[in-house]
């Protein structure tokens, strides 16, 4: 893969030279928007295929293997099928909210794509409150889920949505606290600053045990926040058939589905940025020879491989563990994750003040 | 004491979860364990006792062993088999009972093997065919004796 | 106490109207629901997520097998019973054959007895394996289902080779078994024993020890010993509540009295105990198969019987231990070729009647776990 | 306890008891009107705590309810039979003594039309609520759903 930062810079320079600044900015908007939507679909397709393959191998199956080479076109075919399916709206549903809900969910997950750096300098918007922005906007998606659950006029959907509400709101806490413990070290919410601070080593290595604990808690919390098994109580197919999206069909269902996978991608990329150095290559202290070799691998590959590793871990969870019950889910958050992450934040602050980190 | 219990609880819980992940991780990396059969491409050879459908055995001279005794028809719990008999005129002028048509309703058959057990001359047997789907239900009603076939010599 | 359920009501205008005065909500679980394992329909009353009442509605797959059997001869009716509890169809057939043999006083040859017990235990293993996968799937772990099917498939292959079918075998006939064992049977079964011994430890690793699974199962759906007896529960459901009810031990049939095995009893009465009973039963069944596989006596596999069976006038009851509990066959004969009245006492029916008692006060997620631990097979309940 | 011992014991308890011979287990014939009190005594004095089979039989002239009882402590088994009028079959429920009877009695009501007095929830179990007739009776015919071969 080419190094992406030079491409963006050259496009920017070319646009500014050819058109007047307003038009150039407008064109950049269009290009970025198209790229974001394109990325969105590609991500959805790739991740669904990955999930199906990972689950298949864990379940001693082959998984999709008929459409395309090794089943690579299977998800494309499925999307086509979903696109031509009839999108039913139940009779008793609140039609406006029912049709709005999937778009809210998907718009929110698209919004969070903005501050994610896919490579060195390849970022839509490097805002100064990047991490805060991601965690703030991602918590809005619960509104879409609640809306879908209520508007469906279905008891299963309602139960699923209410569960999801309780779940996302509470797991937001420990996710936020574990993000904070890294912010304590970096002293900045800006994503480019966070990545730059990891040039001589990733925070998961530099931050001693508190960073590892924060990482584990973060992974658990985002698994819960994205409604993934073992925390998939909002959809819990053996209890609530399909939870909040029971009544959705066709493309509206596909939007929920897509949003789920993009949310996983974003959550994992946040994890990669905070703990695994984002696009930063693996650098170990002052081994200049080793560091130099690592620099040869393009930054985009570093980023994508880290993110996909984390996604794999989350998928690994899903295909191994049973689902928690709703009260156990909240117990886990309030009795275990929250106290531990608070204590951990305290410890991390101590580490930061005393300068014990590398 | 509370704190040590709390920590050991978390430790044991994590350990049990990691155990499970090791198991799925093992299968994720060991692709030789995969048991999927690519069905229409690779067909499994079914054992000779597999009960797929009732067929009547005919030899190369187009002769079968069915005397038309209707033992199978009586043994069948669902009325799957219907035998229509006729009377052949033998060369010496005597009449002999023989089958005209052996009708077999595959759509009613439960493959219970009772007709095969009942048959005194082993005229019918179970075939290993299991792909029975057709577009029209009437195709499932089969005539088992081939056209022009007749009973073997020496079977009463 | 009992309320009219709302299943037949036409399209409800708004869910808000479905809440009654106590803020309770009525929800239909099934007949098309992923965790009811078929067409069971439960009308549950919820207060929030807590279950107030569970009311099973049966009959979606009721075929009136009892009525059907009244017009079938004693040879023919056996195959119908494999359509009841299809997971332990062999044992059902065995129960019917036992009842007919009891009426006709047929002495079954020693070889047939051993073959029957072997097949019963293999069926029990297959049934428990499927249950294990389905149980794990009910609580949300999807992978164990496929792992369970891998071993079950081996048993099915063995069955297929000898009996000719994979699920509804119809291998039992009055007086023995239909055909002799396949020559490969012994080697294949020994291979299976060796395979399953290693895999059952994997089962434990993957599911039993898992902390989430244990928390989901422990102290959920508690059934006390008195209630288990009063509700007529049998099989692993009752044995988990420390009721000794294994027909194989109490009223031994065939060669069970010559075998070394334990009646598995747990004392907890909760879902986890029921889980453990079945897991331990698998090991017991494996040991029974192991004891018998090298000791199959030579001889006839079927006693000589008349072509048309006629049971003497009277009543005959036979009991047998299926994978789900006690299966009873009650034949009333008037001396004809067909039974006058036949009653199948199915284990699932009684076990299901305890569901309301067990599930009250637990969460909706627990209901799924309880149903899974009861190991319901709906055709067995509806008959 | 063997059948003979059980018979002696029950004769002491119920002097007017009628027994039927010949079966595998001791068969005790009861009047439908006495059944509830007898059931309570059986449950309390003889530890018949486990009702494993309840069914009806249509004898064309009358109906019979058959109860199979056993004890989980002494392991003795008793069969109870009760003759009912075919046109108006009524018997006391025992679902408060053995909880399992609740479902079994609903089944018997559904398929034989036996009315169990004081049953807490006597409704059709398998058939739909508006089903006509009692399917397991010998004279039952369902021209619509009959399968003809």
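As written, the chains take the letters A, B, C and D, and residue 1 is the first residue of each chain.
Note that a residue touches a chain if its C-beta (ideal position, glycine included) is under 8 Å from a C-beta of that chain, and two chains touch if they have at least 3 such contacts.
None of these values were measured; they are calculated from a predicted model.
Annotation: A-C is the more contact-rich of the chain pairs A-C and B-C, by number of C-beta pairs in contact. On a Cα centroid basis, the chain most remote from subunit B in this structure is A. Distance from the subunit B centre to the subunit D centre is 41 Å, each centre being the mean of its Cα atoms.
Subunit A and subunit C have centres, each the mean of its CA atoms, that are 44 Å apart. Here the CA centre of subunit B is 25 Å from the CA centre of subunit C. Note on chain placement: the centre of subunit A and the centre of subunit D lie 63 Å apart, centres being C-alpha means.
Taken residue by residue, subunit C touches two or more other chains at 143, 150, 206-207, 210, 212, whereas all remaining positions touch fewer. Counting only residues that touch two or more partner chains, subunit D has none. Multi-chain contact residues of subunit A, defined as those touching 2 or more other chains: 58-61, 319-321. Note for the complex: subunit A touches subunit B at residues 54, 57-62, 316-317, 319-321, 336.
Within the complex formed with subunit C, the subunit A residues making contact are 55, 58-61, 91-92, 153-156, 158-159, 163, 229-230, 232-233, 236-241, 319-328. Chain contact summary for the complex, subunit D toward subunit C: residues 22-25, 49-53, 55, 57-58, 66, 68, 72, 75, 98-100, 102-104, 107, 111, 120-121, 124-129, 135-136. Taken in their complex, subunit B has these residues touching subunit C: 12-13, 16-17, 19-20, 22-24, 35, 46-47, 49-51, 75-77, 110-114, 117, 126.
The residues of subunit C lying in touch with subunit D in their complex are 1-2, 8, 58-59, 62, 64, 66-67, 102, 227, 229-234, 243-245, 250, 314-317, 326, 328, 330, 332, 340-341, 343, 345, 349-350, 352-354, 357, 382.
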